[in-house]
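One structure follows; several queries about it will come next.
Residue numbering begins at 1 within each chain, and the chains themselves are lettered A, B, C and D in the order written.
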Amino acid sequence: MSPFLVTLMTPLIGGFVLAAVEDARIAARINVASGVITFGASLALAVSVAQVGSLNAVGGWFFLDAFNVFLVALTAFVGMTTAIFSGPYMRHEIAHGRMDARRMRLYHSMFQLFQFGMLLGFTANNIGVLWVSLELATLATVLLVSLYRTPASIAAAWKYFVLCGMGIALALFGTVMIFFTSSSVLGHGNEALTWTLLMDESSKLDPVVMMIAFCFLMVGYGTKVGLAPMHAWLPDAHGEGPTPVSAVLSGLLLNLALYALVRLKMLVDGATGTDTAGHIMMSFGLLSLFVAAFSLHKQRDIKRLFSFSSIEHMGLMTFAFGIGTHLASFAALLHMTVHSLVKSGIFFTVGHAAQAMGTQKMTGIRGLIRHHPGIGWGLLVGTVAIAGFPPFGVFTSEFLLLTATLDAHAWTCILLLLGLLVAMTGLLRFVQPMAFGEPASDAVAVRVNMLPVYVHLLLALMLGLFIPGFLAGWYDQAAALIVSAPLEGL
Amino acid sequence: MSSLPLQIAQALLLVLLAPVAAGFVASVKARLQNRHGPGLLQPWRNLAKLFAKQVVLAENASWIFRFAPYVVFTATVMAASCVPALLVDTPLSLTADVIALVSLLALARFFLALAGMDIGTAFGGMGASREMTFSALAEPALLMSVFVLSLGAHSTNLTTMIQHTLNTPIMLQPSLAFALAAMLMIALAENGRIPVDNPTTHLELTMVHEAMILEYSGRHLALMEWASMIKLTLFATLIIDLFMPWGMVAGPDAAGLLLALVAWVLKIFGLLLALSLAETYLAKLRLFEVPEFLSMAFVIAFLGLLSHYMLEVNA
Amino acid sequence: MNTALIQQIIDGLAALMLLVSFSLLAQHRMLSVLHWFAVQGWLLAITSAFVAYGTGHHELYVSAAMTLLLKGLLLPWLLWRVIKRLHVHREVEPLVNLTLTMLIALGITLFSFHIIQPIEKISQLLTRDSMAIATACVLLGMLMMITRRKAITQVVGFLAVENALFFAAIGSTNGMPLVVEIGIAFDVLIAALIFGLFFFQIRTTFDSLEVDAMHASLVEREEEE
Amino acid sequence: MILALGACIAALLAAVGGGFLRGSLQRTALCLLLGVSGLLAIVAGMAGLLENPATLTLPLGLPWLPMHVRIDALASFFLLVIGALLTPVAVYSQGYLRHERRLAAMGVFLPLFVLGMFGVVLADDAFSFMLFWELMSVSSYFLVTFEHEQPENRKAGFIYLLMAHLAGLLILGSFAVLYAAGGSFEFVSMRNAELTPFWASVAFLLAALGFGTKAGVAPMHGWLPDAHPVAPSNVSALMSGIMLKVAIFGFVRLAWDLIGTANFQWWWGVLVLAAGSSSAVFGVLFALQQHDLKRLLAYHSIENVGIILIGLGLSMLLAHFGHPLLAALGLIAGLYHTINHALFKGLLFMGAGAVLHASGTRDMESMGGLIHRMPATSLFFLVASISISALPPFNGFVSEWLTFQTALMAPQLGAALLTAIVPFSAAMLALAGALAAACFVKVFGVVFLGHARSEAVAGAREVDGWMKLGMAIPALCCLLLGLLPVLFVPLMDAIPRALLDVSLAGHVHAHGWLWLSPVDVSRASYSAPVALAGMLAIGGLAFWWLHPKGTTVRRGPIWSCGTPNLNARMQYNATSFSQPLRRIFGGVLQPDEHVHMEYPAHKLLTKKVRHVLHVADPAVRHLHRPIGDFVLNLARIVQQEHQRGIHAYLAWTFATVLLLLAVFA
């Protein structure tokens, strides 16, 4: 059985198995095991892809190139660490009566199904299937967000569901429109939705239709990326769901949506031959950056805080992909990686912090370093990393992004810098008092599992200091795929 | 080069003459106030008496208090010995140009003020505070006038400046006039003379210099007093060197030296006469009018600078 | 029948589709909303059947059948049960009064015609004209979601959008590939189920289906100190 | 080169050691390794100043941009500066940290901080420069918030990191401009970049703002007086002593080396000169009003950075008007003051740390009379005070004297306006110097002289040998650098040779090793050795003459104008000392000063007098607050949009679709 099928099928099977497992402990183990298998397989997959460049699987329904294979590996990795983290975390939740066995079953199986949706989306070669899988992942996470059954969580899930449902519907409409024009080129079969073929024929597609389609796709997938002004669902969904879910939402789901957007942008560019689509993405990116940066200053809930930071970073990536030069795409891909790592790491820490202090209110969280150095430093260092300070990878990618911007649109640099500064202030003003100072009296000791956090931060650190050759190679190829221009200058 | 002994002799002369000069000022003022002043040598007698007396120290005086008089004295004398009085070109004048000279005096002032703070009386602190404040305000004005003077000679090296003045034909230079005015005002402030400070007062609230040395006695007091007298003479000599160096000799020949000596003494006493007149006819300023006095000095010096560029450069 | 006739029939159906979307917006009573929604489902089924017949894409018959079952019968029935079980108030409570909604709806329709009109010429399909209608229907569905207060009306709006999409797929592109169709249908089904699930949760937690009630809970959850 | 890297590695090891060891072993390892690293840096610096530049490429960094490392004259000099202070501080810390619990944080971040500074100095491409620069900022942030229980420390740290980040971004912008011109991040290609005057000015302004912010130049200094005092004293010593200098280094590197003297505009120099003079005066004026010892020293850092900038600004002007030799003089003056300030400010902070250590307070109003209890500390502190007051024969004077001499070259500039501006800024420099002297009379007088003003201070004890040694070394250096500039300036000569390709060495000791002469001995000359020797001779004579045989002194009570029982609170204190200046410069300081009097019965029978004084920093009042409020208001507006219901959000999406369609389709 090929590594690809293992990668894809393990979560699916895992999902159905876990739906049947009663005992939460065993379920957690299976969860981890499935994560590990998936990751291993995805690594094998990555290696094989690295050898042959790109490969089609299952009769052209799936295909892998440098762009998505590393995203697959990343997804599998974060999924694995999240599974590892969620074990003790969820046990604590059960112990404190926020969860029961039945919902744990739902949780585990949905978690795996979500993974399946993600991997399916990344590997699908058919933009229709891509849409379906994104919808699948969304539906799975909707159930996860409402897991606690608290009024707030249900309301959040509802908001998430309705807004994303609407968004996704628009995306579908965009897809239909693409089909509308492509069917006249590639006939009425699946070919008309197969990305690789579309890419080859993209110049033949009707520019006007493609532009309209892109408008719908932009708003539709943009909603799921969490771009302002369609981002309203994101803070609630992150804030109310269980922490592992927040971690994968921020770390993975947004990536998938952005991935879809970029894939389709490539088609649109091919059709229109202008970079209007790029400019649209850039403006959405900047808008989100600013909205998020300023919103950061007014948060009360720690998880909402970091979800706004996710919006900010998604804005950055969208902006970078919008620029569309090789360097920019490279930066965006790098940023995608480090953001997933660091942000999910932060969410792990935040979850533990909230458990330790018994609240998600930032006013209630104090003196983490004194109370539990692991959590405190984890949070502080994580924040420093996400705020774009070296030697962490976020700094590297933002550095590259800035230079790319300077090459392409020098003056937007100023906006970018302003946004980054405001955002960094907003994060720090809240994190500092939480990490520092004397802990609150009613803080409880928690069994924490900081290993995933440290692993993530270390990886981000490594990416900040030097990018291993194969990874750089991937980014390079991927960037080359996104823009068929060679890496010049540097 | 036999000028090193000459140099030392000249320095000695200045140091020994200083008390007499102070005595001269005192007696002239006495005359102007229709009193029989003490003789010219009265300061010398005072010093001799103080040197003989035993020192009484406050209980909590630290080594700073005992160390300060020597620093003040030596720094002042060192400065004095760098100033050409008779000879234009003296080896030691290379040691310190005008700026370094001024900062030697600043070193003396620094320790004087520290000594004032050492005992921990209100007086000492008050004196130190005021002294440092005023000197700080005097500094820019002083530097500015030095700047003006250096414009002609392109140098702050006293010897060069003197030579420049000697070699250029006597002509009225407004910039120099401004600089002189500023210099005189600063000299008054630096030496704690009326209208800035009254060296003879012991009225608590008006003392500046006296307040700092209030606790001194015996040889320490003597050194302090002597240092301030030397400083007075030093400034007089400095002004002479910068503005009216005529009569100074380049090489050591007996006749020339004698002439130079006479010229120098006359000029010194001339200046001091002017000083005593000023001190008699001027009233002491209120404390917070002093800053205005000094800033006026600065403005004058700056005008000197401007007038140099406006009137003299292209001329 | 000749293609011209089918062409006219399909255009007629498209017109009906638009009409239904408007009447969905215009309803006062919950049940009639459901009725019109069911009608929309039937329309879709019929359209796809005709298209299948007209174009000879026989897999479209399958999707016609699916549509009939899912959107013509199952979903309306589900929603109907929900209303019965939860004793939802019979009135539709609009945020914006109906006349204004209608005006906006007209404007939107014009707008979508303006947008789509230039691109319809590029397609040789006998059903190309319906693209504009489909766009209009999508936007009208969204309008419905925005202007109705009840959660359940939002759902109907959502499903109406889905229908419009489907109509676009059938009408203007002679149907998406079957795999995609099935996938989409599958998702819609799940979505509907989840909606149903939600209604009970919302009902039990908020004892009303007012969206604002939920929002209030979120805000106060955030404000609470 | 190897040595320099050795220094970095030692620092890295120190970080590891500091992180993982525990107890006294941790402290020892930390201090030992830091000391070693400092020594290596000194040697490397010396070697680098004498040898030709060496470059190296490390297998780190971006795939297509490995880290480039280069040790040239400028880098070597700053290595020397860093090492010269790092070594004594390491020795000092061995004693200072003895009573410090929870060293872990400091153990990691102190060495990383040092490593960051080394890295900045050695970097030869923009990426590694920025990497190490930010590393320096972040780790120093963690050091500032080391004692994070006090909220004010956290606030200080926050402002500090914010400003540091701002500075970093500005510098990044400047690099970006150079990158756009040169096409690569390597300094080599930036040096050869063709710059239009406009872009050169943009790059320069960005760099000046960025490095100025980091160096604490007024008015971007707001973070400095808060951040430096709250850090542990050994850290404050490094921050004030070296970190600000690293900012100076960055400025010189960018302006002189990368942008290049050929691109200088005349107004750049004026700008730097103005910034320098204003910060010099501003810094010392506010320093005079402080009564928190370390805060006072922090303000003096602002002053001294200003002095350095005056030298550099003069150099820029002279370079622009084609007097490379004089420009070299200004550059040397500025850099000479850089190392001087590193030494004496480090020493001062260490002294302050010793006092804090012994008396447990930073408030000068409760100190006094420490000279009797801490003789050694007070001696070293006195040395530092004389040096910073720019008095001969110590080092502070030499550099300020050189700066004056450069200023005296103003007539060579030609342009009439400048010939008036330069003397004015020189006068400001004089004012600043004299005020500094006043300030340190106040500091030394209030802290070490007089009577103890509190119990804690009365019970203070002298610090241990490590700390004494740590303070002795820089004190000695202050004296040596003051006495033998003639030997040191030629060592620095490599820098102007590299940046302005002129050599000053010949002119400096044209008249023999005794006499320091800026350009030509007939212009001006200064000989500290002769002056010192002369003073010793005269003093010795006087002493010998006045102490013929066993002259005794009698101790007696203070003369108190007859009032009985004087007490310690009747002394002049810090606040009263600076009262005249507070009144004279009231316009600048805008002090908020009230005297509350309580009269029980009659105007003449005063019961209680309370004096309230608060001098707020204008940067905070007129810069930080307004900007902060602006951001918060915007944030409020954005937040309100997030308080709406789901319909509103749907409407947003809807509107977006319509907008996009309307615009793009």
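Assume a contact is a pair of C-beta atoms (placed from the backbone, for glycine too) under 8 Å apart; a residue touches a chain by one contact, two chains touch by 3 or more.
Everything quoted here is computed from the prediction, not taken from an experiment.
Chemist: Using the touch definition from the top, list the chains contacting both chain A and chain D.
Modeler: C
Chemist: Please indicate which chain is farthest from chain D, where distance is taken between mean Cα coordinates of the chains.
Modeler: C
Chemist: Find the most central chain, measuring centrality by the gap between its CA centroid and the centroid of all protein CA atoms shown.
Modeler: The chain sitting closest to the overall C-alpha centre is D.
Chemist: For chain B versus chain C, what separation do you get between their C-alpha means, in angstrom?
Modeler: Averaging C-alpha atoms per chain gives centres 100 Å apart.
Chemist: So the centre of each chain is just the mean of its C-alpha atoms; given that, what is the distance between chain A and chain C in Å?
Modeler: 30
Chemist: Averaged over CA atoms, how far is the centre of chain B from the centre of chain D? Could you give it in whole Å?
Modeler: Going by mean C-alpha positions, chain B sits 35 Å from chain D.
Chemist: Rounded to the nearest whole Å, what is the centre-to-centre distance of chain C and chain D, using the mean of the C-alpha atoms as each centre?
Modeler: So the centre of chain C lies 70 Å away from the centre of chain D.
Chemist: I need the residues of chain B touching at least two other chains; which ones are they?
Modeler: none
Chemist: For chain D, write out the residues touching at least two other chains, lowest number first.
Modeler: 646, 650, 653, 657, 661, 665
Chemist: Which positions in chain C are in touch with at least two other chains?
Modeler: Residues 115, 142, 145, 211, 214-215 of chain C touch two or more partner chains.
Chemist: If we use the touch criterion from the header, which chain pairs count as touching?
Modeler: A-C, A-D, B-D, C-D
Chemist: Given the complex with chain D, which residues does chain A contribute to the contact?
Modeler: So the residues of chain A in touch with chain D come to 158-159, 162-163, 166-167, 170, 208, 211-212, 214-216, 218-219, 223, 229-230, 232-233, 235, 276, 280, 291, 294-298, 369, 384, 387, 389-391, 395-396, 399-400, 402-403, 406-407, 410, 413, 417, 420-422, 424-426, 428-429, 432-433, 436-438, 464-467, 469, 472, 476, 487, 489-490.
Chemist: Using the touch definition up top, name the residues of chain D that touch chain A in the complex.
Modeler: 59-65, 127, 130-131, 134-135, 137-138, 145, 148-149, 151, 154, 157-158, 161-162, 165-166, 169, 172-173, 176-177, 179-180, 183-185, 631-632, 634-639, 641-642, 646, 649-650, 652-653, 656-657, 660-661, 664-665
Chemist: Going by the contact rule set out above, which residues of chain C touch chain A in the complex?
Modeler: My answer: residues 57, 115-116, 118-119, 122-124, 131, 135, 138, 142, 145, 151, 154, 158, 161-162, 164-165, 168-169, 172-177, 179-180, 183-184, 186-187, 190-191, 194-195, 198, 201-202, 205-206, 211, 214-215, 217-218, 221-223, 225.
Chemist: What part of chain D is in contact with chain C in the complex they form?
Modeler: Going by the criterion above, the answer is residues 643, 645-647, 650-651, 653-654, 657-658, 661-662, 665.
Chemist: Mind listing the chain D positions that touch chain B in their complex?
Modeler: For chain D paired with chain B, touching residues are 368-369, 371-372, 382, 386, 389-392, 397, 401, 404-405, 407-408, 411, 416, 419-420, 423-424, 426-428, 430-431, 433-435, 437-438, 440-442, 444-446, 449-451, 511, 515, 521-527, 530-531, 534-536, 538-539, 542-543, 546, 551-561, 566, 568, 570-573, 576-581, 583-584.
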